[in-house]
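Okay, so chain A shows up in both of these, paired with chain B first and chain C after.
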Partner chain A sequence: MNVVAALIAVIGMVILVWLGVGVLKLYTLFGVVIPYAAFLTFLIGLVYRMVNWAKSPVPFKITTTCGQQKSLPWIRHSRLESPATNFEVFLRMALEVLAFRSLFRNLRADLRGRKLYYGSSKWLWLGAILFHWSFFIILVRHLRLFSYPVPGPIDLLDKVDSFFHIGLPHLYLTDVAILAGLTFLLLRRLVDAKVNYISHASDYFPLFLIFGLVISGMLMRYFFRVDITSVKELTMGLVTLHPKVPTGIGLIFYVHVFFISVLVAYFPFSKLVHMVGVFFSPTRNLPNDNRRVRHINPWWENVPPKFLTYCEWQEKFKEQLESAGQPIDEDCYKEKKES
Partner chain B sequence: MYNSNKVIPGIIIFVLIVTFPIWLNHGKAVSAPKPILPEGRCVESKEFMRANHMQLLKEWRVLAIREGMRIYTSSDGSRFWIGLQNGCMKCHHNKQQFCDKCHDFASVKPYCWNCHIPPETKEFGTAKATRLLKLFRIPVDLREGAKPKHGEHGGHGEIDKGGEH
Partner chain C sequence: MALPKPDELLRDVNYDRMPAKHWMDTKPEFRPGAYCYAGKPSVVEELGLPFPREWQPHDEDWKLPPNWKEIVLNAIKDRAERFRSFKLFMDICVRCGACADKCHFFLGTGDPKNMPVLRAELLRSVVKGEFTRSGKLFGRLAGARKLTEDVIKEWFYYYYQCTECRRCSVFCPYGIDTAEITILAREILHEIGVNINWILEPVRNSAFIGNHIGLQPHTIQENIEFLLMDIEEITGLKIEVPINKKGAEILFVTPSADFFAEPGIYTFMGYVLLFHYLGLDYTISTYASEGGNFGFFTTHEMMRKLHAKIYHEAERLKVKWILGGECGHMWRVVHQYEDTMCGPAPSNLEVPKSPITGTVFEHAKSTKIVHICEFTADLIAHGKLQLDPSRNDNYVVTFHDSCNTSRGMGIFEEPRFILRHVVNNFYEMPENTIREKTFCCGSGSGLNTDEYMEIRMRGGFPRANAVEYVHEKYGVNMLACICAIDRAVLPPLMNYWVPEVQVCGVHELVGNALVIPGEKKRTTDLRFQPLKGVEEEENV
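Take a look at the complex of A and B:
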């Protein structure tokens, strides 16, 4: 059901564009207004989310660790698994963001007969890394439509990506990789009963949306060609803030643009926000130095808590302690008398 | 806000990266290229050629080079000779004013010219008088009457041009 709802939503978008552009000829709405609105939603939405997260206090230092923490000088500590300084936190975060280290520890649990087996499973990591890196490279590559003259590195990336000169226009390797990654990520949710059980429509929707985005882009490049010069005229109009809509660009281009607009606008309100959320994870962005640096709970800034010493606590509950036959620490009274 | 010394620079970096294309092109007015079109009709419609010419050229390459088929029958039934230099460039003879206009704009670098020689640069310019050539006293201009057409080949070209007048 979740799958069907998400799929219908994405197919509905294609129909919407077909009605809006194909029938009603609303070129400016779909070529300029919606992309601008989506971009602003993305920008303002994500900044709002970041400010909101930064306003949330972190009461405890809850670094997740899986290695020897820094203690005595002759015990070697695990710099990445239990970072002790901000630099080590930076290293761990960088590897997490760029190489998905924590996903590399992914395990699977399977029942074989009546026995439960745990085992290493790198497939999710592989699918995720294929998908994310391809998506990133594709995004950077698209700068060739958003810059003039095109910077050298973007050109170089384009050349490397189409290195094998398969077909014309040359097949991009990242196009193949992102399809492979997406297919795996989707099949995983559909085939694996355990993952299927916990998948919502909001898990399928971004997958179908990105599938639609990739497929419309690939169709446009390799099969139903559109005039790239007019496309760049439109995209350059957008980035130079002098929007114009050249005539004669195929419908599929507007489908592609609508997909990316929806994806971008959906970003701040969905699980996709993990793009910036990863940097705000208290389990990952704090050094594990609890034993050296005292973490002051930010709640205490305005309302300092009243701490009780053991003696004060004992005094408070003295009757209950005595009636329960608990021993009373006499030292508390000695010190009082001395002082 | 907590940790604003880290969060605010982070947000600024994020905004700068996301808006990169806008400030990269700030204040530029980029107009669409206007390639010079020859009179007459092309093998297919203008709209089709604008979007699909590269795929047609690839099809032509396979037909001409691999299958030896030199006749193309267009969608309206007319026949054309298949060839880049003896076909397309008979009308679109100016590479700079036609091909390069849009290719530069869209940052496309077709590899046609790895093998083909565009018509107007058929005559080779003189080589640059590099230090190495001078060192071994190799004459730069070996061919009689070979003169660079556009004077694009550094200082040496200009000297030749002077001689021409």
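Take a look at the complex of A and C:
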């Protein structure tokens, strides 16, 4: 049900583009208006999201410590797993964001009879790394459509990505990698009973959407060649804010553009915000220096705690204290007289 | 209901078989052994918490206040405004499932709603369904639903089936911390009078008497005197424990279970022997007589109310710094909350400095509270303790990292360093079950009540399973830990799964090994068990 709904949504988009561009010839709407609107939604939505998170304070320093704390000088603390300084936090975050450190820890538990076994399980990590890094490189590679002349590094990236010179045009490694990553992530959601059980349609939807995006892109490059000069004319027009719509670009290009538009517009309002959210995560982005540096909670800063004071307690248990020979604090009475 | 035998308990558990029904359509079953009793009206009332009334979770009607829904929705909004963690964790989960089989309750029950991702989703779905347009529009497709009374019952069942151990947050690629979600969910439930007695009664006792079971000042003293008599019988040493002594250098705060409950009392005897050996100028307090803090399992405000007494007492007694005993959640509170909620520390406190070694505990320079394992490890490293580990030769020891001190503090090496010096036989459990990947005892966060025994035995199963492994492989018969809840709940857990294994605190073993000037030749350990070799000698 969830899978079908998500798939229908994505197929519906193809039909929509076919109707809009193929039948109704709304080139400007699909080539200019929708991309601009989507990009604006992305920017505004993302800023709104980040401001919204930032508006809520971090009342406590709740670092998840995954390694030895910094305590006695002769005990080596874990700089990456229990960072003691902001620089070490930076390293921990870098490893988390760039290398998916926590996913790399993943284990699998198996119950046989009444015995539990744990095995290393790095497939999820591998699938996630393949997918995310390929996506990132592909995005950067696309900058050559938005720049003139194309900067050297982007040209170089292009050359490296198509290094093996397979087929013509040369096959990009990242195209293969992202397909592999996506396929794994999708299959995992379908096949693994636990992950399947927790998946919503909104978990399948972005997967299908990105699948569509990648496949339409690859079809354009390797099979139904589109006129790259016209495409660049359009993209350069978009980026220089002088949009014009050249004729004769294939329908498939508009499908591709529509997919990316929907993806970026959907981004800030969905789980995809994890990309920026991870930077805000208080269990990861704070140092484990709680006893060394006081953390301030803004909503408690000028609110003193309410509790049973010693003197109130002493009054209550005076008899017991006296009979047990425990000292009575005379200061309690002094203070009373003074005040 | 009698507990099934260990071989039968997990018969129906299968991690790869999920219910046919969607999780939004299944309801928890409040059967004996699987839920905790509701807070007694008198206790709820005395604490000033809302809606005291007679009710039980197995009742059809929970007698919620008429405007319960409004209260809950406002509470959610309020928490989102005050806790970035909550807001963020509701937004960014991608349901990758890395956490799914990391939770001890999932591993022991196979219940999908014990997967941390679904535990969070129980609340997330309501946040989406009640507060977001897409959730209202797409409903279940977007993982959204409306808040109903059944949802409240489900929250109660599963947020009191999470021990806030944070194991899932180690594996989550975004560090989503279910403990944080559970803490806030419980806080929200308190606002409509949904609570459990096993947490609230200790909170009441701590707030108005001083400690969990409500030991009054003279009773604490009597208990300690009783333990000192045992010490005298074992070592021949006459020792005194200073109580409420003004001007002492150090205030020692430990969980109150160490005063009265086995095997915590042996740990307490260990502390006392160590302090005597050192000639330490310290005092305990019968007012701030609880290191543990069940307020942490209630609300942030309640945690603060209970914990504020420690600094208050340190100020009154004019001590220089505070030493904390072996306790799990006490140390999460001390390490991650104390300075923020009760600080800055009173001005009479100084940066802690060991009077024996001169070591300045720079890492605690703001809170001024040092963990006893840090203190003792420093002593051993400086060669200040004469130790005879052979006195622990009856024991083959392994070490259980407590959740809170592991993932909410990071104290891994200190207790191990001590253990390697006080025992001859020490073996680690498998690496995926210790340190930051350690498993909960299954009864943490205030769930250590007898009526909850079935779930406790299930939740503790992964821990027990790892102990069983080292028991079979190395003959381990002693499970050392640095947590009072562990000391209370691991014995029944071991008794159920691995009956040959006993439980102790690290400082009990220190107390056994410590060679104290003026003591008589010891023939038994602190449990009055004959030392290895002694019996044979006497028989010759």
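FYI, the second predicted complex is superposed on the first by the 292 of 339 C-alpha atoms of A that agree within 3 Å, B and C clash if a C-alpha of one lies under 4 Å from a C-alpha of the other, contacts with A are read in each partner's own complex, and residues count from 1 in each chain.
One rule holds for everything that comes next: contacts are C-beta pairs under 8 Å (C-beta built on N, C-alpha and C of every residue); 3 or more make two chains touch, one makes a residue touch a chain.
In this text the structure is predicted, and so the values were computed from the model without any measurement.
In the superposition on chain A, A:Glu96 makes contact with chain C only, while chain B stays out of contact range. By the touch criterion defined above, A:Ile75 lies against chain C but remains apart from chain B after alignment on the C-alpha atoms of chain A.
In the superposed pair of complexes, A:Val195 makes contact with chain C only, with no contact to chain B. By the touch criterion stated above, A:Val226 is placed in contact with chain B alone, chain C being left untouched.
Judged by the touch definition given at the top, the superposed model places A:Arg144 against chain B, while chain C stays out of reach. Once chain A of one complex is fitted onto chain A of the other, the partner contacts of A:Pro243 are absent, as it touches neither chain B nor chain C.
Legend: residue contacts after superposition of the two complexes on their common chain; A:Gly45 is shown touching neither chain B nor chain C. Using the contact criterion defined above for the overlaid structures, shared-chain residue A:Leu168 touches chain B, although it does not reach chain C.
Counting contacts as defined above, chain A residues 54-58 meet chain B in one complex and chain C in the other.
Across the complex, chain B is touched by residues 42-43, 46-47, 50-51, 54-58, 143-151, 154-155, 158-159, 165, 167-169, 225-230, 232-233, 236, 239-242, 246, 248, 250, 276, 279, 298 of chain A. Listing the residues of chain B that touch chain A in their complex gives 1-4, 7, 10-11, 14-15, 18-22, 24-26, 28-30, 32-33, 47, 50-52, 54-55, 57-58, 102, 105-109, 111.
Looking at the complex, you find that chain C touches chain A at residues 6-7, 9-10, 13-19, 23, 80-88, 91-98, 100-102, 107, 112, 115, 117-118, 121, 134, 138, 140-143, 166, 169-177, 180, 207-208, 210, 216-218, 221-222, 243-246, 286-287, 300, 304-309, 312-313, 316, 334-337, 339-344, 359, 361-367, 369, 374, 377-378, 381, 406-414, 417, 430, 432-433, 435-437, 461-462, 465-466.
Within the complex, the chain A residues that touch chain C are 2, 5, 49, 52-72, 74-75, 77-78, 81-82, 96, 100, 102-103, 105-111, 114-116, 118, 124, 128, 188, 192-203, 269, 271, 273-274, 277-278, 280-284, 288-297, 299-300, 305-310, 313-314, 316-317, 320-321, 323-324, 326-327, 329, 331.
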